[in-house]
Amino acid sequence: MEMPGVHPADDLFDSIILADEKFRGEGYQEGFEKGTRRGLQDGRRHGASHGAKLSSEISFYYGFAVTWKCLLQQSTDDKSRKRVKALDAVLALIQNCNLDDPQSEKLQDETEKLRAKFRQVCSMLNIPTDFRDYIKVAEGTSF
Amino acid sequence: MMSWVKSASLNSEDVFDENADELHLQSKEWTSNMKKRVMDGYVDGVDAGEEASLQVGFNLGFKEGAAQTVAVGRLRGILGAVWCWCQIQHPERPVPTPVTDLLQRVTEHETQIMEDIRKALENPPPSVSDVSESMDALDVEQEDPSLCRDGGSGPCCNKRDENMDVDNPHQNQKIRSGSTSCSSSPGEGLHLLLQCCMDLASELGLPQELMDHIHELGNIDRMSSMF
Amino acid sequence: MDKAPGRADTRLRSGCLGSEVPALLLRPPETAGPGGAYIADRMANFLLKCLNLWLTEIEKSVESTPDRQRSHVCWSSAMKEAISLVQKLSAHPDSRCWFVSWSPSGALLASCGGDKAIRIWGQEGDSWVCKNVLQDGHQRTVRKVAWSPCGNYLASASFDATTCIWKKKNDDFESLTVLEGHENEVKCVAWAPSGTLLATCSRDKSVWVWEVDEEDEYECVTVVNSHTQDVKHVVWHPTQELLASASYDNNICIYKEEDDDWECRATLQGHTSTVWSLCFDVTGQRLASCSDDRTVKIWKEYPSESGDLSWKCVCTLSGYHGRTVYDIAWCRLTGALATACGDDAIRVFREDLAAHADEPVFSLAAQVKKAHCQDVNCVAWNPKEAGLLASCSDDGDIAIWRFQEED
């Protein structure tokens, strides 16, 4: 940050303005540092809460999909094949969800796609409706 | 801040080279004016600084928070799938109690983690004047990643908790204390839950591949404590 | 900028994903410069605001200029009693009649309503009578019904979050299967022309596509979340496997299958309020939409280089409807466009065939101002008998009309 210093100036008015600017600027600098710290902390706390929530949801999908794949691996009928394919699609979408950058629009898109795919999988696996309700509550789909 | 104000009154002598009394009054007024300027600047600066860093903090916290729920979230997913599988295989009888119970415990464990994070959110720094304390915290935080680079799990885990909860001393009783006994208690460790899940899976005769996945979660949990 | 304490809290609380994203989290924050630069910034901001306000005013004044005055003159001078009532049926007494659908042969009309029932109407002699009542299929309002292209199946979408498939057996209908999966109210159901795909949409903002196999088994092949609000209507392209949906988010989405997955390939923006219904013309090259913004829009498909679908609004009919336009039907036989409106009226528009394809002109050919006692929810052209039109209303009635052009 570059601040105008008070130099010996002919114009008195200029000097006053410059001093005014200087003090304002120095206060600003200190305030800026303070604000930066506060912002970092506030942001960090909120970020942690949101990150934990989204990660919990996505991780749930992962565990769910991986487990069903294991459970279906013995069956070779057409229906199971289709189900495994859909489960693979869920896992592929999870790969795309990069939680390192919560600002990325891609993360939002991918999360939405993942949620949709998961619902399709639930339908294909005939997951009981009451369990689907449980999932909904657990994730708190308040996003 | 005061030092600038002093220097302001000194400087002012160069500017107003007139008679002494007048100078004194002028200087007083000048000082108070400049004080006000400094305050104005300060307030604007706080706003601007906050504005500029909020997102950075958010992104940082987001990653940290996300790491905390990976293992437990996956475990919940695994048990959720097993629960559904039991119900679909045998719709005529209820899902075995151990499955339902363990799912319940894992869900509670996860809720506890979220709750702790949320509490940290609800208890912001007590007052604005605690600058030095927050500053210390910030400095430690920034060095944090390098501290952890050597891969040690135990000390880093504690370090992270300290930093996260710097403003909430009562927050430090985190749940990652590890396994103690097999009886369930509030704040039981994830490792205990993982062990129970392994036992349950072998009892139900679930595929080895699934056991491997459960086992793997133990490693993920250790990794996540490195943040 | 708001300077109240704790503002960071309020701004961040709403979450980092989804519709309530705080603007701050999506854009890198701008750093305000200190001192003079700061003031200059504010000044510039203020000037920009003034400029924007002024521009908005200009836009408004342009929008409020009445358009299509010419069409008004057209219909008021030329219109005669072009629509005549054939019959009124108290279809869902003490309830609302939400929707009517003609069977592909045009011999049967299915209706559904707030009484949770579906009724099948057929002609006996000169009059239309109730042939069947399908009850106990749903726990709540039945919002829409749709016939399969072969005419042997009927699908019903209900606020109870399910879709029922009914199979026609001789002169009766039996419940074949119940499709579950939507989180809440199912708003619409539609069969693809092939008869092997079924689309449903819901207040849960999603559109589902189901595949039907030879054993009458239904399997969900996709769930798409392209809308940000309640999805009101789904309709299939008459010849291609292309699906369109209309939503409370004011948009229309068009979906196509790609690598086993259905994706939204075009979003049609233009309506300023809920889009209630959609209808393709007979060729599928154009799509008509109607909205809570009291307009009807005609969209045309254009070839695009990117391979993505490109649809443009080529015509807006405004100034005709006094309230929400709830439904629109494009007659496959005559090309006439009928609308159902919240002002209790039904209207029929004709296209001026002399106009350029890129700037089609539609004019009001006929209207019945008090077609029903309450909101008209639906209009449907009989697929075989040109000019035969069915409508239904919140008053619980079905009306059957005959539209005749007088040249």
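The chains carry the letters A, B and C, assigned in the order they are written, with residues numbered from 1 in each.
Heads up, the rule we're going with is that contacts are C-beta pairs under 8 Å (C-beta built on N, C-alpha and C of every residue); 3 or more make two chains touch, one makes a residue touch a chain.
Just so you know, these numbers come straight off a predicted model, no measurement behind them.
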Comparison of A-C and A-B (more C-beta pairs in contact): A-B
Central chain of the complex, centres being mean CA coordinates: A
Centroid spacing, where centroids are CA-atom means, of chain B and chain C in whole angstrom: 47
Chain centre separation (chain A, chain B; CA means) in Å: 15
Computed distance of Cα centres, chain C from chain A, in Å: 34
Multi-chain contact sites of chain A, meaning residues that touch two or more partners: 24-25, 28-29, 32, 39, 42-43, 46-47, 50, 54, 102-103
Per-residue multi-chain contacts in chain B, two or more chains: 41, 44-45, 47-48, 50-52, 54-55, 58, 62, 124
Multi-chain contact residues (two or more partners), chain C: 8-9, 12, 16, 25, 28, 34-35
In the complex with chain B, residue positions of chain A that touch it: 6, 8, 12, 15-16, 19-20, 23-68, 70-71, 73, 99-103, 125-128, 131, 134-135, 138
In the complex with chain A, residue positions of chain B that touch it: 1, 4-5, 8, 11-12, 14-15, 33-35, 37-85, 87-88, 107, 110, 113-114, 117-118, 120-121, 124-125, 131, 134-135, 137-138, 164, 167, 206-207, 209-210, 213
For the chain A and chain C complex, residues of the former touching the latter: 1, 3, 21, 24-25, 28-29, 32, 39, 42-43, 46-47, 50, 54, 79, 82, 85, 89, 102-103, 105, 107-108, 111-113, 115-117, 119-120, 122-124, 129, 136, 142-143
Partner chain A, residues of chain C touching it in the complex: 8-9, 12-13, 15-18, 20-21, 25-26, 28, 34-36, 180-181, 183, 206, 208, 219-225, 260-261
